[in-house]
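Listed next: structures, encoded as structure tokens.
Shared chain: subunit A. Partners: subunit B in the first complex, subunit C in the second.
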Partner chain A sequence: MLQPAFDNMVHDSQRMFRHILTALAEPLLPQDLPQLPPALPGLLPATAAVLYTLIDQDVTLWAPALPDSTVASLRFHCGLQLAAQAEQADFILLPLGSTLPPLASLQAGSAEYPDRSATLLLEVADFTIDQVEASGPGIAGSRRFGAGQLPAGFWAQWQANHARFPLGVDVLLISASQLAGLPRSTLVKEG
Partner chain B sequence: MDIMTRQHWLGLLANSPATRLAELLQPHLPAPTAISWLRHAQTGLVMLQGRSGGSGSRFNLGEISVSRASCQIGGLLGHGWVRGSDGTHAELIAQADALLQDPQHAPVLQQVLQTLQQELSARRAQRARETAASKVEFFTMVRGE
Partner chain C sequence: MTEARPGQWQYNFAFLDENTKRMLRRALLKAVAIPGYQVPFGSREMPLPYGWGTGGIQLTASIIGQHDVLKVIDQGADDTTNAVNIRRFFARVTGVATTSHTTEASLIQTRHRIPETPLRPGQIVVFQVPEPEALRTLEASEVETRKLHAHQEYGLMHVKLYEDIARFGHIATSYDYPVMVNQRYLASPSPIPKFDNPKLDMSPALLLFGAGREKRLYAIPPYTRVESLAFDDHPFSVQRWEQACALCGSHDSYLDEIITDDAGARMFVCSDTDYCQQQQEGVA
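The block that comes next holds the complex of A and B.
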């Protein structure tokens, strides 16, 4: 059974795109997302909004295993193309509780085209705990941040990803109704 | 009465005037709350391709506006695509398409289709007559030599 997407596909997805840009411009500052579309089976409501906004027929998505109805809905609304391997995908979707593929194995771009890199869409429980201290472009001084139910070893892998700058992957952390951006330029200290 | 296939009825619905379609379908359409709109009517452009002489290489003839809509009624998926920018026409086709796949609604709607088919054939015959009446025969006078 297919799920309806945004009420107004054009304006709602543009509004959502603005939220994603703001999230990446102000790293690790959770953004509230109003007016979400109905949730897709197996995913959080905010994840559906992010997918409808970012996915089209020109990019590929990799995800561990999605329910058939979710794949069918995404194919109907945005022409989803699934990648066979995470290493080749433009977007990596990790639903809550998935294991993290090694960040170093994902597309990181090249020196000439650092933009040809993968973006990780990572579902988390909430942004209420306090785990790390972040600094870098878009953060005045430093910012405390934490996300519930992050995949094991995420922050350790993030250090290596940040060290590869300007190459590397970017991450969007998604909770039920909030979104936080983590671009590769952000330096994170655990504890 | 022959039962129309989905391909046939989608073509027929798209080739019938929207006002006539609304008139005939109105008594059979479900309550708006029973319809889940997956895609409300939207209008875009589609590139038409042609082949010179019908068999030459492909070329882009031009763009036409096309409206489309998709809905779900009781688990059945209906799609409507129609030439032009009339979104309500596309939404009517989508609803009729979903209902026509439902064994409960199909028999009454097949009768609506028969009416539409007769009207379409009549319009086409009329058009053909008008065209035939304006036919001009060209011939060359042969000089008597």
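The block that comes next holds the complex of A and C.
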């Protein structure tokens, strides 16, 4: 069964893009996402909105096994191209509770073209806990942040990812109805 | 999805098709993640010749939404031909509200100035950029400038500025004065006067730069360190005027010299027309 996507592809994807842009411009400040499309089986409601906004036939996405109907819906609405391996994908989608592939194994760009790097779409439970202190572009001073049900070892791997700047991956942390951005430029201290 | 109107040819909201917008949007996200780094993008032909701000127009078209309030300025003024044409273009292809007031705008497209009125959190400024590569006059090859950025090898630029000092006693560059973004990438702030450079540093607004002919975009996120290049013995300084604005009396704004009659009489007035008007009305 195909799931319906946005009510209005043009305006809803524009609004969603602005939330994503703001999320990366103001890292780890959760953005509320009103008016989401129906959830795709196996994914949080906000994740569908992110996918409809960013994915098309020009990029590849890797995900652990997704329900057939979700893949079919994404093929129909976005022209989804699945990557065979996470290491080659432009986008990596990790549903809640997935195992994190080593961040260092994902596309990090090259010294001349650091933009040719992966974006990780990482589902989390919520943004109500306190885990780290973040600083860097987009953050005036410092910002406390935490995300429920992050994959084990995420913050340690993040520090290694940030240390490769300007190379590295960027992350969108997605809860049921919120979104937080984590660009490679963000420095994070645990505790 | 296509907004058809009677008697007009059909176009998509904000003119660009959705595939082009998505391509630009993905590039913008990478630009924000790597402040000051120039992201190449595939370009769609725009209904304006290069030099009219196609890069800025493409960025604005990829981010603008129904609830935005758009301001467009050229050299600080809302009423020049270039600014009027771009503002009318977006009013026609989006139906969004437009304004000349910096404080009311959610989205500001600009050529050659940053408004005097302080920007606020949540605002986005789109700069029209003719030449995105700060090193281009020193190194013609794109392959080479990419390598220089990759290795953060910016000695050439320091040499150029120091030659200015040797020759003129000061750094002669007064527009498009190079900046270091987030202590990593050397970037062109676009041809704004160096007077505006300090406004780039730790700006509360998101700053986006689009170069149409060169098909590149880059970004300075809010609250990002932006330093104008300088030397210990020649610190960075901005233009100052002995006069106040002849219209509003401001001592703090960037002034243009204008000739007021055939005899060549001159006066200095604010280049930012909205700011000047607000000052005259005693608002700000």
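By our rule, the second predicted complex is superposed on the first by the 191 of 191 C-alpha atoms of A that agree within 3 Å, B and C clash if a C-alpha of one lies under 4 Å from a C-alpha of the other, contacts with A are read in each partner's own complex, and residues count from 1 in each chain.
As a convention for this text, contacts are C-beta pairs under 8 Å (C-beta built on N, C-alpha and C of every residue); 3 or more make two chains touch, one makes a residue touch a chain.
Quick caveat: nothing in here was measured; it's all calculated off a predicted structure.
Participant: In the superposed model built on subunit A, check whether subunit B and subunit C fit or clash.
Facilitator: Superposition check on subunit A shows subunit B and subunit C fit without a clash.
Participant: Going by the contact rule set out at the top, does A:Ile129 touch subunit B (first), subunit C (second), both, or neither?
Facilitator: neither
Participant: Contacts for A:Ala104 in the overlay, against subunit B (first) and subunit C (second): which applies, first, second, both or neither?
Facilitator: Neither: A:Ala104 stays clear of subunit B and subunit C.
Participant: In the superposed arrangement, which partner chain does A:Ala160 touch: subunit B (first), subunit C (second), both, or neither?
Facilitator: Neither partner.
Participant: If we overlay the two complexes on their shared chain A, which of subunit B and subunit C does A:Pro4 touch? Say first, second, both or neither.
Facilitator: first
Participant: Could you let me know whether more residues of subunit A are touched by subunit B or by subunit C?
Facilitator: C
Participant: On the A-aligned overlay, A:Leu21 touches which partner chain: subunit B = first, subunit C = second, or both, or neither?
Facilitator: Once the two structures are laid over each other on A, A:Leu21 reaches subunit C alone.
Participant: According to the stated criteria, A:Phe76 is in contact with first (subunit B), second (subunit C), both, or neither; which is it?
Facilitator: Only subunit B; A:Phe76 stays clear of subunit C.
Participant: Draw lines from the C-alpha centre of subunit A to the C-alpha centres of subunit B and subunit C: what angle do they form, to the nearest 10°?
Facilitator: Reported to the nearest 10, the angle reads 90 degrees.
Participant: State whether A:Glu112 touches subunit B only (first), subunit C only (second), both chains, or neither.
Facilitator: After superposition on chain A, A:Glu112 lies in contact with subunit C alone.
Participant: Least CA distance subunit B-subunit C after superposition, rounded to whole Å?
Facilitator: Minimum over all C-alpha pairs of subunit B and subunit C: 5 Å.
Participant: Touching subunit B and also subunit C: which subunit A residues?
Facilitator: 9
Participant: Which of the residues in subunit C end up touching subunit A in this complex?
Facilitator: It is residues 1, 12-14, 18-19, 21-23, 25-35, 37, 39-40, 62-66, 122, 146-147, 149-151, 182, 184-185, 202, 204, 206, 219, 221-225 of subunit C that touch subunit A.
Participant: Please give the residue numbers of subunit A that touch subunit C in the complex, ascending.
Facilitator: It is residues 8-11, 13-15, 17-18, 20-22, 24-26, 53-54, 56, 58-59, 110-115, 117, 119, 136-140, 165-166, 170, 183-185 of subunit A that touch subunit C.
Participant: Note which residues of subunit A are touching subunit B in the complex, please.
Facilitator: Residues of subunit A touching subunit B: 1-5, 7, 9, 76-77.
Participant: Spell out the residues on subunit B that touch subunit A in their complex, using ranges where they run on.
Facilitator: Residues of subunit B touching subunit A: 36-40, 42, 70, 72, 75, 77.
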